[in-house]
Amino acid sequence: MKKLINQPENVVRESLEGMAAAHPDLIQVRFDPTFVYRTGAPVQGKVALISGGGSGHEPMHAGFVGTGMLDAACPGEVFTSPTPDQILEAARQVNGGAGILNIVKNYSGDVMNFEMAAELAHSEGIRVLNILIDDDAAVKDSLYTQGRRGVGTTVLAEKICGAAAEGGYDLSRLAELCRKVNLNGRSMGVALTSCTVPAKGSPTFNLGEGEMEVGIGIHGEPGCQRVPVKSADEIAEMLAISIIEDSAYTRTLREWDADRGEWAEVELTDPPLSAGDSVLAFVNSLGGTPLSELYIIYRKLAQICENKGIKIARNLIGPYMTSLEMQGCSITLLKLDDEMIKLWDAPVFTPALRWGM
Amino acid sequence: MKKLINQPENVVRESLEGMAAAHPDLIQVRFDPTFVYRTGAPVQGKVALISGGGSGHEPMHAGFVGTGMLDAACPGEVFTSPTPDQILEAARQVNGGAGILNIVKNYSGDVMNFEMAAELAHSEGIRVLNILIDDDAAVKDSLYTQGRRGVGTTVLAEKICGAAAEGGYDLSRLAELCRKVNLNGRSMGVALTSCTVPAKGSPTFNLGEGEMEVGIGIHGEPGCQRVPVKSADEIAEMLAISIIEDSAYTRTLREWDADRGEWAEVELTDPPLSAGDSVLAFVNSLGGTPLSELYIIYRKLAQICENKGIKIARNLIGPYMTSLEMQGCSITLLKLDDEMIKLWDAPVFTPALRWGM
Amino acid sequence: MVTKEQILRWLQATAIIIEQNKDYLTELDAAIGDADHGINMNRGFQKVIAQLPSVADKDIGTIFKTVSMTLISNVGGASGPLYGTFFLKASAAVAGKQELTGEDISALLQAGVEGVAQRGKAQLGDKTMLDALSPAASAFQQAIAAGASVAEALQQAVAAAEEGMKNTIPLVAKKGRASYLGDRSAGHQDPGATSAYLILKTLLETR
Amino acid sequence: MVTKEQILRWLQATAIIIEQNKDYLTELDAAIGDADHGINMNRGFQKVIAQLPSVADKDIGTIFKTVSMTLISNVGGASGPLYGTFFLKASAAVAGKQELTGEDISALLQAGVEGVAQRGKAQLGDKTMLDALSPAASAFQQAIAAGASVAEALQQAVAAAEEGMKNTIPLVAKKGRASYLGDRSAGHQDPGATSAYLILKTLLETR
């Protein structure tokens, strides 16, 4: 294992300390329980946005705390969901009286910990909604699995909802927007190499020189199939076509009913993509793949979208949601409407995403 | 070799095509000879900034073309200096009548190709100055080597001089500023792994599990020494101390005399750092090292600077000047004055660096 | 009869067993998950033994409540809320007690298993910790109902847990990260079922 | 006497030899540089042979000028401007000629070597292509001055280039990327000196 770290057990803490030291005007960090929050939070009268999940995906989520995006991030250990007390403590810190939207990636651990946190916050009188992101088109059915994982769309939802919260959306309107972003976003990724969890010290899985994993999540776990390594164009095609031709996806998710203080099941369906749609194309590095290769993927993706009559109205290209030093990439296509475009373009100022200010 | 590429010989072209497709509002690309230029260039009356070098360092340089930074970038093959005809053609495209500043990294290939290009541009009546960046504190003497290499300070010089050009500096004042940035910047890097040049297909050098290379450049070449892998804190300390305690460095460089149309030797000396100085701290990933690890390095760097009485007034942390997928990092400290701070803070809008707009 | 002291010794022994099996559990998780189960559980149980002295003079319900809270706040992942819920429900089932009869343990196991099933929405055969926990709880209940001693009932519970754990090997996972592997999850033993078996086995072996 | 046709055959053969030695040159560069010398040279000489037909009916000076421009615009790196300068100076030395005498070749080599030295600011012993080129030019000049035939003089030039190339092995580099390695550059043969030797050897072998 070759990493720029000290003791494996201090990786999360020291990385957060470094991030906070680098951006004191944007973020503050607290430990035990651990969370990162926007400098100056709470913003009175604004809905607060919180997200969280295992560490190892940097800059997500702590790098997205700031103006126009998240109010707090709750980082767990590497690839391990954060605990309810972290999420609760963050909620207490950033609650500006207008309630809290938790953006939660659909992994069993994240879901359960955020559910417990929502129950605890509710019992303290903090109004909370949890919206799940489940956009991983590699997962085909929701009946025999935990359902689709939350991947690339998470970053886009955090940006778009962050702008909306900054712009005065109330909690229920914001939750509705977040749900819309989730339903319109789809992702898929490939890994060329495994990654190494510092505390484990050896790669999570072994890939031969000529192999790659298709349909991976972001936790260094193996994907849905292992195939011979393909060219960038073939990989872009494989990912893009899976996303573009993904049919309507229906699943039942559990959302918190903040009025009644209980969980309610909601059935939600993703509208499929079709010619004439405008999308945001997000080409993401899993950490070890350099930008030059992402642009080779983007080049082909743009050609495919053009052929399919899909207009790329916005794009985001870079390492935004990583799996430590894993080589590989993911593609996310988010079908846009005017509301989402306007919110995407709105100013944002966080350690990892910044424009308009 | 596992990369998201198609044919190795098409890597540079396809990556540039992807970049241009992604940012048509910012950059345009031309091939044969190959260069990237700012959409809308030339800007009449503004000094044009050109840089270039081998590819494989993305986002540098093409990712820094846009408003408030470069007017053109000339990418060579992977790790191979661009040719004079690329640089000349870019100069013709972006020349807005106020002359051209070429920011050149001090590698023999880059220097010679940019020298030939300057001679050619001069013969066409284009006023050109070449300023060399040689900031690599790993190189100790200038007599028995090619002199210090141009590394991290290049990115900072491009940003600072780009803002100055945007703000109306004339060519000679801009060249003076660029020289100042170079003299005040020092860098040093380590590699934990080698990288693989696509056309070669296997790693440039082999490092054992327990080894790292210290004092590397950015071309995947071995460094000045190979030592056992150290902890992040030890690495940060090693790099930072080498930079902070580097004494005055004197060398003779060749600069173009645009009035007389000939080369003139200038002797330049770097002022050493001392307590009380304000610096810009730049922690750079060599491509395969994720952001989380850069922050662990930054954390220690901030502590060291504090102990030494050096104030980190600004910072930049991320993969800005890479060596393909190499794991490792470099640290650059640039001693700042008010002029440099003001120009650093000025708006910039390029594919890879953006703020204030 | 299981005394409070035995419960404390069990929790302490569990921390040691989990530490000894940390790499093993993590390797199991590497095959079909994200290579952290042993690390997660070990982090949690190290905190548990650090907390135990502060509640050593309290009743078993309070001790379990502390174990629950400690696991919830320190394990994270999927196993944190699940084992946390297990001990939370267990603590409610034995609130105020200083020692546990066979019926108490039966109730505690039953409540814990139900809590895990509710929190994780998993069913028997989904290749999760439930596949070890649930058969163990049933076997214990049946044995006690049939007049067995606590030690005998525990023996049967552990045997059932072990069988349940081994039975996860051919299963295709339907819950947790392993479910994303689809058919490729078959052929691997579930890490959570393995830690559940180890915890119960430690109870049996605690004197 | 070397005819224009021989020069054209030499350039063609050089492209083949460089292609055959592409990986070898690149490996040499991997050891003390950035692993691209063979790739760079091959890219350049492939373009050269594509350009040759268009100047086949021109004089040798014009042919060399085209080789120069083609190398300058296609090789890049350090070797592009250096070999480009070599052929540029050589072309000036033999402007207008359709065939070359021993004195012509002597002048051409001398001019080329001076051009490389000026452009690269390197000296003999700096572990560069100059360490092969410069002894070769001197040996050729001396042989011709002593009355040797072109073939004999070339033989001695190539022998000198080979010796110069091999002599780079123990040297510590003072110019080019290899200089950054410091003492670690010793023990490796310089890639540029090697390509220079190959190019001259091909001239000797061209009939």
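A, B, C and D are the chain letters, set down in written order, and residue numbers restart from 1 in every chain.
In this section, a contact is a pair of C-beta atoms (placed from the backbone, for glycine too) under 8 Å apart; a residue touches a chain by one contact, two chains touch by 3 or more.
This structure is a prediction, so every number in the text was calculated from the model and none was measured.
Asker: Hey, which chain ends up farthest from chain C, C-alpha centres compared?
Answerer: Computed centres place D farthest from chain C.
Asker: Distance from the CA centroid of chain A to that of chain D, rounded to the nearest Å?
Answerer: It comes to 56 Å between the two C-alpha centres.
Asker: Quick one: chain A and chain C, Cα centre-to-centre, how many Å?
Answerer: 31
Asker: For chain C and chain D, what's the span in angstrom between their mean Cα positions?
Answerer: The computed centroid separation for chain C versus chain D comes out at 75 Å.
Asker: Taking each residue of chain A in turn, which ones touch at least two of the other chains?
Answerer: none
Asker: Specify, in ascending order, the residues of chain C that touch 2 or more different other chains.
Answerer: Residues: none.
Asker: Viewed as a graph of touching chains, is the assembly arranged as a line, ring, star, complete set, or other?
Answerer: Looks like a simple chain-to-chain line, open at both ends.
Asker: If we use the touch criterion from the header, which chain pairs count as touching?
Answerer: In this structure, the chains touch in these pairs: A-B, A-C, B-D.
Asker: What does chain B use to touch chain A in their complex?
Answerer: Touch list, chain B to chain A: 2-6, 11, 14-19, 21-22, 55-56, 58-59, 63, 192-193, 209, 212, 229, 231-233, 235, 287-300, 302, 315, 317, 319, 322, 324-325, 327-329, 352, 354-357.
Asker: Considering only the defined contacts, which chain B positions touch chain D in the complex?
Answerer: These residues of chain B touch chain D: 33, 54, 76-85, 107-109, 112-113, 115-116, 138-139, 144-146, 149, 197, 199-200, 204-205, 215, 217, 219-225.
Asker: Would you tell me which residues of chain D are touching chain B in their complex?
Answerer: 26, 30-36, 39-40, 43, 72-82, 84, 119-120, 172, 174-177, 179-182, 184
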